[in-house]
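Some structures to go through are shown next.
Both of the next two complexes hold chain A, though its partner changes from chain B to chain C.
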Partner chain A sequence: MKDKDNILDIEELKTYFPIKTGLLRKTVGFLKAVDGVTFSIKRGQTFGLVGESGCGKSTVARTITRLERATAGRIIFNDLDVLEADKEQILRFRKKVSLIFQDPYSSLNPRMTVGNIIGEPVKTHKIASGINLYEKVADTLTKVGLSPEYINRYPHEFSGGQRQRISIARALALNPELVICDEPVSALDVSIQAQILNLLKDIQAEFNLTLLFIAHDLAVVQFFCDVVAVMYLGRIVEQAESDLLYKKPLHPYTEALMSAIPQIDPSLRKKRTILKGEVPSIVNPPGGCPFHPRCLYAKEKCSQIAPALELKEDGHMVACHYPLSL
Partner chain B sequence: MTELLNIEGLTTQFYTEKGIVKAVQDVSFSIKKGETFALVGESGCGKSVTALSIMRLIPDPPGKIVNGKISFNGQDLLGLKEKEMRAIRGNNISMIFQEPMTSLNPVYTIGDQIAEAIMLHQKKDIEASWREAVDVLRRVGIADPDQRVYEYPFQMSGGMRQRVMIAMGISSRPDLLIADEPTTALDVTMQAQILDLLDEIQKEYGMSVLIITHNLGIVAERADNVAVMYASRIAEMADANSLFKNPLHPYTVGLLNSIPKLGEEKQRLMAIPGNVPNPLRFPSGCRFHPRCPICNNDSRCMATEPQLEEKEPGHMVACWKV
Partner chain C sequence: MFFKMSILNQRRLKKFKANRRGYYSMLIFLFILIFTLPAEFISNDKPLFLDYKNQLYFPVVIDYPESVFGGFLAKTNYRDPFIIEEINANGWMIWPPFKYSYRTINKTPGMPVPSPPSIENPLGTDNQARDVFARLIYGFRTTILFSLILTSFSSIIGIITGAVQGYFGGLVDIIFQRLLEIWNGLPLFFLLIVIFSIINPGFWILICVLLVFSWAGLSNVVRAEVLRIRNFDFIKAARALGVKKHNIILKHVLPNAMVAAMTFIPFTFSGAVTMLIILDFLGFGLPAGSASLGELLAQGRANIQAPWLGIVGFFSVSITLVLIIFIGEAFRDSFDPKKI
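This part shows the complex of A and B:
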């Protein structure tokens, strides 16, 4: 059942990494980084994926772009089955889907000039060459708020915020339909973070882009995204429109995550629910609901049966046997 | 409340090949007994160098404290000999760092590391020190401390390692604990746990805490008094309530507007334009003027550096326009 409005459909996606040990590198188990994730992104939407370190949010992004091999599931981009696609189809797919990474220091080649960094994908995909290529790069630089004079400079000459603008320019150069932003602002200072978030918003409106926005900061995701999915130990535990998620979190983990954010305005502070313990090891996740050892409301059923992600109301989905405020 | 630490006109510089980096310039503030004082600012604003100057841990060369006075419990720290300073460091003033993985020694067990600090500072024998290490680990909420003391840092998670760092920092019951971005490397749920632990221990021991962070939310929730630093200087200083209710310096206002607030529906954030200036070439006059929304090319802002002045009772601001 393919919805025409959807640009990306992910069905039961699983990405497992083998755990090897001993001299013969025998596989003794699997690290289930992504364990059955399903979601769809509508054209023009900003979809947020939020969770703590190690929850599998970056692996989702890497699997979508085939930088990691999926173990099972389906990824449908427009009409293309990404996991079944041949080399040529993937090349065309990569032209329409670009990535922005977290660390603007390690994601730009220090030996390439800004012009080459932005121009290389344009050349590879044969969009422009020669003087047209130069114009394309200069034009893209202007769009992200950098002067075309910078075209022959190297990444080390720029500040963190400026480098992130270069990364955005590289992502935009191919006129993509979907941009996957993996923690695009978490390495930046707050004043610069706001500039980059504003820039992404402007660009999205101008080019009618669809964004998959991955971050650990729920406040940033909630501000920036239309729809937010919360991940915990490789699964989506809750998904809703962003203001609905804020006003009425249904999953105890979302509630705890939200209450843990330090707030400046005392009126915005929620009653703090401090989680006990730490995120369990993903190599050996707890049985039943993966969140139950830390959950304040866990009952017997929670340690035995893993809840499935179910639709509750107004597109609000939650994977919990005893959702809050219902 | 009596004063524990008083800093006056602290100026710390680094002499590099490219020129003199004025990392901290003319910084003055004081911390009372039992209070939490926050130094807040963006990367490179000089907040960590201020802390290292108090500890006298500035690498020399290339760094040097060129001016100022730091008095701790009435004692002038900058006049002390290195040996005398070592008696204070880790004993009366402790410090915990941002990245617990790099500040713990990977080849010693955590018991070795905590016990060593106790042996050195409290002159106890090895058995008493190990017993104390177990006690202090229990105090910071580590389960099974009598077994955990034999573990190495790599066997622990990030939150756990930060608890070990805190254990080491408080083992000597210091008068002042300097916490340099203690939770920046941690997830939010872990951050809340660690900050609550620090609060609890602070109350129990009656110690003062100097917390250094870029997270204004943490400051608003935890600090009594705040100094906002920008480009090596203090831009604004007040008690936390007045600072957040009534921020006066345009930089503080800009920072507060830059943060997305949970539950707020807004199309755009009010960002501060431009970048943090290079410490080798600070702008003339007020260092914030090229990015300032209220400067309007005022000649005074562009030519003369504003001094920190009391604009409202207990509320100090360095700005010509306030």
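This part shows the complex of A and C:
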């Protein structure tokens, strides 16, 4: 049931990392970083993926771009089955999907000039060369709000925000259709965060981009995304349109996350939901619903049967036996 | 764009110059090197050029048969009094500053062997009446060139193998590491002595054999550095953008791993110098008769009654090594971001 509007369909994606010990490197278990994730992104949409650190958000991004090997599942980009694609198809796929990283310091090669950093993908895909390459790079730099004069400078001459702009320029150089942003602003100052987010919004409108936006900051996601999916221990526990999710969270975990957003206006402050316990070990996830040991509303059923992601109303999906406010 | 030094390199150059000991060692070393590189033109048993019957000859570059000057040998001996007289009668000669090559034998009658320093032989002669100063110049040049070639080749091999291990990791890395451990466990000197008592090494064979054993150290340094670098996001970014593997290694991984390699290379170089001197001293190095610092040391030991041999040998070897170590230290510190 392939929807024509969808640019990316993820079906039951699983990425397991084997845990090996001993002299013979015997596999004793699996770290289930992504454990059955399903979602679709519509063309032109901004899809947010949130969750606390270690819940597998970034692994999803890296698996989609084939930086990690998927254990099972399907990734359909346009009409291409990414996990089954041959070398040539992958090269074309890489041209259409690009990645922006969290840390603007480690994501730029300190020994390459800005011109070479942005020009490299262009050269790799043989889009332009010589004077055309220079123009393409200068043009891309202007689009992200940097002066083309910077073309011969090195990354260490720039501030964090400027570096992130360079990173975005590199991602845009190939005129991609889908840009995966892996926490693009969490390493930046709050004042710079707004600039970069606005830049991403402008660019998205200009080039009709689809964004997969990964973050752990719900306030950022609320401002930025059309649809938000909340991940916990490698699974999506709730997915809905941004406004709906913020107004009426159905999953207890989402509710707890929401209550952690700082509010400037004291009258808007609600009672904080404080979760008990720690995030369980991802190597040995609890049986039943993975969230039940920390859930304030857990009942007996929760520790025995894992809930599936079900459609409730208005495209609001939740994986919980006893959703809130229903 | 490529000739403009990056700010990072400018800062390194400044730091290198600020290290006075290393900087002046570098100047002295360069001076000696420039002086000894054209050894044939500094100290030789042939004139630089000569005019004989209104025709110019260049004996240093071209071998002339003696028949040209009225003799009968296949190669002209320009130190023969008869030839000197013949040429001076029909033209003129310009000699290099020192009239001895590294294998010229001083045939002055009645001279003891080895003979002490004199005006003719500023550092004396060795036990075969060869000029020590000339042998020093040629020997220094041989040692430095030998070590340079050995260091460059072993660095290239070390960097490539290190990069391959580090970048691919996993099984490749494990197998390589175990092999390297075995390789490094071999008793190097005994092996070299055994090998060189079977084959008689020339300059290039010596380099090849030493090369086989000298790349492993750098390989480990580069491997460790590459293991660190390959986890940086810019490598992932390059992969995600479809950049080819060899381009990732060449353009992203290696330039960043080179800093660690660069600080290691001067010490590989001094190691190569020491190795050649030791082998020559023990008589397993370059073929008999070639100019070498190690052989000079061996002669000094064998002829205690001629102290100039030992003194010259000792000072030339120790000054060479000290200069290289000082330069290497300054080089390393200038690449160290934590030192200001």
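Just so it is clear, the second predicted complex is superposed on the first by the 326 of 326 C-alpha atoms of A that agree within 3 Å, B and C clash if a C-alpha of one lies under 4 Å from a C-alpha of the other, contacts with A are read in each partner's own complex, and residues count from 1 in each chain.
We adopt the following convention: a contact is a pair of C-beta atoms (placed from the backbone, for glycine too) under 8 Å apart; a residue touches a chain by one contact, two chains touch by 3 or more.
All figures in this text were calculated on a predicted structure; none of them were measured in a lab.
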| item | value |
| --- | --- |
| Chain A as common anchor, with chain B and chain C clashing or fitting | fit |
| Partner chain(s) touched by A:224 [first = chain B, second = chain C, both, neither] | first |
| Touched partner set for A:254, first chain B, second chain C, both or neither | neither |
| Touched partner set for A:140, first chain B, second chain C, both or neither | neither |
| Vertex chain A angle, Cα centres of chain C and chain B, expressed to the nearest 10 degrees | 80 |
| First, second, both or neither for A:164, with chain B first and chain C second | neither |
| First (chain B), second (chain C), both or neither touched by A:243 | first |
| Which superposed partner A:124 touches (first chain B, second chain C, both, neither) | second |
| Partner chain in contact with A:46 - chain B first, chain C second, else both or neither | neither |
| Contacts of A:65 with chain B and chain C, given as first, second, both or neither | second |
| Residue contacts with chain A in the superposition, chain B compared against chain C | B |
| Lowest C-alpha to C-alpha distance for chain C against chain B (Å) | 8 |
| Overlapping contact positions on chain A, where the chain C interface meets the chain B interface | none |
| Interfacial residue positions of chain A with respect to chain B in the complex | 52-53, 159, 161-162, 189-195, 197-198, 201, 216-220, 222-224, 243, 246-247, 256-258, 260-266, 268-269, 272, 274-275, 278-279 |
| Residues of chain A touching chain C in the complex | 62, 65-67, 90-91, 94-95, 97-99, 101-103, 106-112, 120-121, 124-125, 152, 154, 156-157, 167, 170, 174 |
| In the complex with chain A, residue positions of chain B that touch it | 42-43, 157, 159-160, 187-193, 195-196, 214-218, 220-222, 244, 254-273, 275-276 |
| Complex contacts: residues of chain C adjacent to chain A | 1, 6-8, 232-234, 236-244, 247, 251-252, 255-256 |
